[in-house]
Amino acid sequence: MDDDLASGTQPEGGAATAGRRRFDLDRTLALSDGIFAFALTLLVLSITVPAIGDAGSSEELAQALSDRSGELISWLISFAVIAGFWVRHNALTRLLVRVNGPFIVINFVFLALIALVPYPTELLGRFSNSTSFAFYAIVIALLVVVNAVEGDYAVTRGLTSKKEGPGERRARLVDSLSPAVVFLVSIPVVMVGGVLAGYLCWVAIAPVNVVTGRFAERARGT
Amino acid sequence: MDDDLASGTQPEGGAATAGRRRFDLDRTLALSDGIFAFALTLLVLSITVPAIGDAGSSEELAQALSDRSGELISWLISFAVIAGFWVRHNALTRLLVRVNGPFIVINFVFLALIALVPYPTELLGRFSNSTSFAFYAIVIALLVVVNAVEGDYAVTRGLTSKKEGPGERRARLVDSLSPAVVFLVSIPVVMVGGVLAGYLCWVAIAPVNVVTGRFAERARGT
Amino acid sequence: MDDDLASGTQPEGGAATAGRRRFDLDRTLALSDGIFAFALTLLVLSITVPAIGDAGSSEELAQALSDRSGELISWLISFAVIAGFWVRHNALTRLLVRVNGPFIVINFVFLALIALVPYPTELLGRFSNSTSFAFYAIVIALLVVVNAVEGDYAVTRGLTSKKEGPGERRARLVDSLSPAVVFLVSIPVVMVGGVLAGYLCWVAIAPVNVVTGRFAERARGT
Amino acid sequence: MDDDLASGTQPEGGAATAGRRRFDLDRTLALSDGIFAFALTLLVLSITVPAIGDAGSSEELAQALSDRSGELISWLISFAVIAGFWVRHNALTRLLVRVNGPFIVINFVFLALIALVPYPTELLGRFSNSTSFAFYAIVIALLVVVNAVEGDYAVTRGLTSKKEGPGERRARLVDSLSPAVVFLVSIPVVMVGGVLAGYLCWVAIAPVNVVTGRFAERARGT
């Protein structure tokens, strides 16, 4: 298996290699898109059907549904989170000219975490306490880190069509890793201040990202 | 994340931009098709297996299946509804020459609602009352609205290969939004007249659509 | 919606139409492949996890698994059936040069039945009686009929690159519809002779298909 | 169905045949990628949500999650196993220039086993005994064998762009079949030495693969 994985890194030439690179890249993207699409759709199973009898009245069902607002909110958060990672993954893979063995391994670690998201989503929706919140935050922070590692590996190993200087790289890493810091900080926050404080912490990701994004842009001199 | 999303709108030129547009468009369509296909297939989980013992007789199973006719009907309605949205989504994306950040966001809102459909379907199949009916109608009405917004954004922001005058736009909006009106009207109808009256209301969508379709066609001068 | 669906049949010309036909065809195939892939994978949920306690001994689990042999067999049958329909669908779509509205509708009816298969599979695996058997046989017979209708529509309406004479058409219809007859005949057989007799009936599909295949081949003069 | 399946092997010529080969190959890969992506994502359902009440405390949930470490480990193993098979399948299909009927059948047997993996994964995660371990090991060993058969068929029947001598073939078969031996050997090991000894046995696959990989490389004279 190892040499298959590593094969993309061997010095080769000609149309055969180009075809092979295209093939590996295309199938990696097809698999990634499939896992993104299924994870996004599978999230719906985290919203549970009320266990009232089939003959339940309109009012009982309305009450049971409003009790499920927590599940609906965690479904919505996870959909937005995975969609956000799809945008980031898309921005990275758009630049790729080829993939190699280690990149495919890193990408699988990333996809494993994406495929795992429905589980912490279900926990967060059903049990609104600091354990479910911390578990969710850790999975998302890991996703942020693996995504940053994947991007860094691709750019520094010449898998992308883009070159960058050391200043740009630092700015890119700060930009791509900063959401992980916010997610990890939200864990002690939720333990002290409760679940609502933790959610507010997550809302801080947008402005933090705007700041680090500006910083990364300035480093690229754009 | 923001600048990645917005990048499609920046003035650029050359083959690199064309390649990038192609890439973003292709992956957006691949993701959309995946979510459509998966939502269509996941619907089957809304039809529950009878909870009679494994040694249940033929007659018991036949009885339990006929009790599930409501679930089969709501499965069928949802399959037709999602298939109908696929046709509309296909008619829109067929015209696209590129996508940009806001379009991808609107498309994700649309896909989130598509991925949510199995949940109201299961509620409608299991609990035949005005709450499940209203919840279902609201989700579908939202889908109609988001789909219309997505189409309008694409056409007015120049993402499509088609131009249109103000008269055509008005006719297109009336055509694409009219099913939402029918779905919303069906909610008070079901509260007053019962679930069957609500279903009859939905059947009215086909003739309404024919009329608004003619209106839209005349506006396009075809 | 109606005019979008029907648009493929309007007389048009030029590269735009060719691009549009390509687009509609490609997305129809992408959706079909997605539904085939998900239905094939979702079948695994029809094999239930034994409800013995987590501390269950090795022997208890072995016993519980051998009790599930019926579920494994119905999983295997359904996987083979859907795979067989994929081969037939592939053989048809390979000939397509374009799709139109009615074809897309017929294809959705076909895909709805494919997406439904996990449900009768679960019933057949859990309840081995004439009701579950008849329900399964009816769904598969419907699939055979819709598949034959889809193929006939495509060939007779000029959607394919192939022309055929009236003799060939008759032979093709006999060939493609004959499995439906076997599935329908198996229903009275199972009512009189039990489930095993019904399964034996299904095994007869292979030799019947060889005969009708020869007949169809001779009509094509090959 | 038989002649459709066999059609790829008939002597034909010209652009039509090339188009048809491309089509069959593309759809086979699209279906395979769909099943891989879906099986990888469906694995998450094997991690069960704790059955404690919704009002469960933080500590109860933390305890329930740590009780689920077995499920998380088996989820992780299965994700790695399916990812590994994707890499091998990719390495094989990359060389394909066409597919024929028997190849499609072998590929479906392979995909059926991939789609089955979530079931033994769930058993292994929930019941940590020799029966669930042996069932899991047998399914994976079968996957290894079918994968080796698929590769051998493709190479020896001229479906790939690669030719090989008898020494190379022997080395390739040893390389591709050796993991099956390790999985089968792990079954008596687990019966005598317990589940942990069995897992250690699986860890031996990596070094064995390195050795057989070197052997295969030397045979290819690279």
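Should a chain be cited, it is by its letter among A, B, C and D, assigned in written order, with residues numbered from 1 in that chain.
Keep in mind that, in the parts below, contacts are C-beta pairs under 8 Å (C-beta built on N, C-alpha and C of every residue); 3 or more make two chains touch, one makes a residue touch a chain.
Just so it is clear, the model here is predicted, and its values are computed rather than measured.
Of all residue numbers seen at the chain C-chain D contact, under half occur in both copies; the interface is built from largely non-matching residues. Chain A maps onto chain B through a rotation of 90 degrees [Cα fit, steps of 5, range 0 to 180]. Look at where the CA atoms of chain A average out and do the same for chain D: the two points lie 26 Å apart. With touch defined as above, residues shared between interfaces to two or more other chains in chain A number as follows: 30, 33-34, 37-38, 42, 45.
The residues of chain B lying in touch with chain A in their complex are 1-5, 7, 16, 20, 23-24, 27, 30-31, 33-35, 37-39, 42, 45, 104, 108, 111-112, 115-116, 118-119, 122-123, 126-127, 129-132, 135. Within the complex, the chain A residues that touch chain B are 29-30, 33-34, 36-38, 40-45, 47, 49-50, 52, 54, 56-59, 61-62, 65, 75-76, 79-80, 83-84, 86-88, 90-91, 93-94, 161, 209-210, 213, 217.
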